[in-house]
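Per-chain numbering from 1; labels A, B, C and D assigned in written order.
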């Protein structure tokens, strides 16, 4: 299928939507067929005791990556909502920008299923969380 | 087992820990054997487009309820970390305080497994999300 | 909503469908508004090394409980398919019949979301697994 | 880390363990650093109404792939148990051998976290389910 928006267009859509995530200056770095990569710039408020990035910040990054993937592939008219998220926390998320790589697993009429791999810029080779989730499509 | 802390003591511990969640004035309303209930007071920043409470805010409430359950039962020395979270989003979370009821499913030597039911004060009878998750215990 | 089938009717439907589960003589013990309880009679083939009931047998029981809940509430015309299953394994499942109690979390137009608590008759007070899952409804 | 067993050795271990899965003649096709691929030969009993492979058969394949990955990397002494499984069902699993590719996400002291992609030989390019799961390691 053809993409509806490139990275810049997807980012503008998300930021324009005043979604929670964009308050942190969410960057949509790349969108390709079946793929989207976002970056959530580091802020102190992401940290929790132990000086690691908190679960809610990682959730935000994963959800933003999925949202970018959905918007870039299906367009702005869509009010998709998260149906399900499963997060496996793997390694301590050292302070840095949070990078999320979303991959399309299935684009159905009712559900979009995706996986997201999360990293931080402090150690871009070490996955900090693996996420699987689905968005329900309205009006299907 | 005996509880290590009551609701007030658990709340003080969490707020003292400067955990992300406590910035919103997290209230630990009740802790009992195998149970903890928290309340995350409503703030505008919880909203996403459509005027419903965002996924990250719901995640924060679920994680805080689990954390309150773990701390009240195992005490403060413990640096437990979230290993896994599975969230099923059920109904639109209308604006209001987010209430999380955590129940202990298993207290093992290595893992604590819990479920959380989430509601908002706008409609306290309607569950907005059902969460299952686990914390890994250190030094086991 | 009114139930479409009682326990006996639901059981007949499932067994008639030659679903894998019914080869084990699946019993639908109870269906009520928002609830279904099934029993999967013990067979040696359910065991794995260590003399405990295997993961696939527990999965089968959870899926059967969900299927009984869906069929009794929505009727036989429906070809619902499992969209997602999350299983938290809590305690060793000692040999015995596997009992699954399914509860309705949400009946939407596109998705039915349910939880299932699994026990075995060897220790009916000890939950062996907690499951959350969803079925996608066709033609929505 | 060095592998403890190659594909043939891992397969012999699993079959020797009289695990449920091996009754179907489970084949361990490949093990490499951080990777294992298994094949569960097709049998009629895997089918459910609609002539597609059942959820329990897919669960069995996913669990077997994870078990092969764990055994090949950690050796036979280990009695690891499944702690958690999350399955996203993506496409109808057309009749054929079920192929599971497990990848290591984290090898911790207490938990091994893995993902599995499932296919059938009827359409080896189309993923039928994506699974994430963890095994708890004993004696940690």
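FYI, contacts are C-beta pairs under 8 Å (C-beta built on N, C-alpha and C of every residue); 3 or more make two chains touch, one makes a residue touch a chain.
Keep in mind the model is a prediction, meaning the values are calculated, not measured.
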Look at the interfaces A-C and C-D and say which one is made up of more C-beta pairs in contact. C-D
Taking each chain's centre as the mean of its C-alpha atoms, which one ends up farthest from the centre of subunit D? B
Using Cα averages as centroids, what's the distance between subunit C and subunit D in whole Å? 23
Whole-Å distance, C-alpha centre of subunit B to that of subunit C, is 28
At what distance in angstrom does the C-alpha mean of subunit C lie from that of subunit A? 33
Touching two or more other chains - residue numbers and ranges from subunit D: 83-84, 86, 88, 134
Using the touch definition from the top, list the residues of subunit C that touch subunit A in their complex. 83-84, 86, 110-111, 134, 136, 140
Touching subunit D in the complex, subunit A uses residues 86, 88, 90-91, 105-106, 113, 115, 127, 130, 132, 134
Quick one: which bits of subunit B touch subunit A in the complex? Just the residue numbers, please. 17-21, 23, 45-50, 54-57, 59-60, 63, 79, 81-89
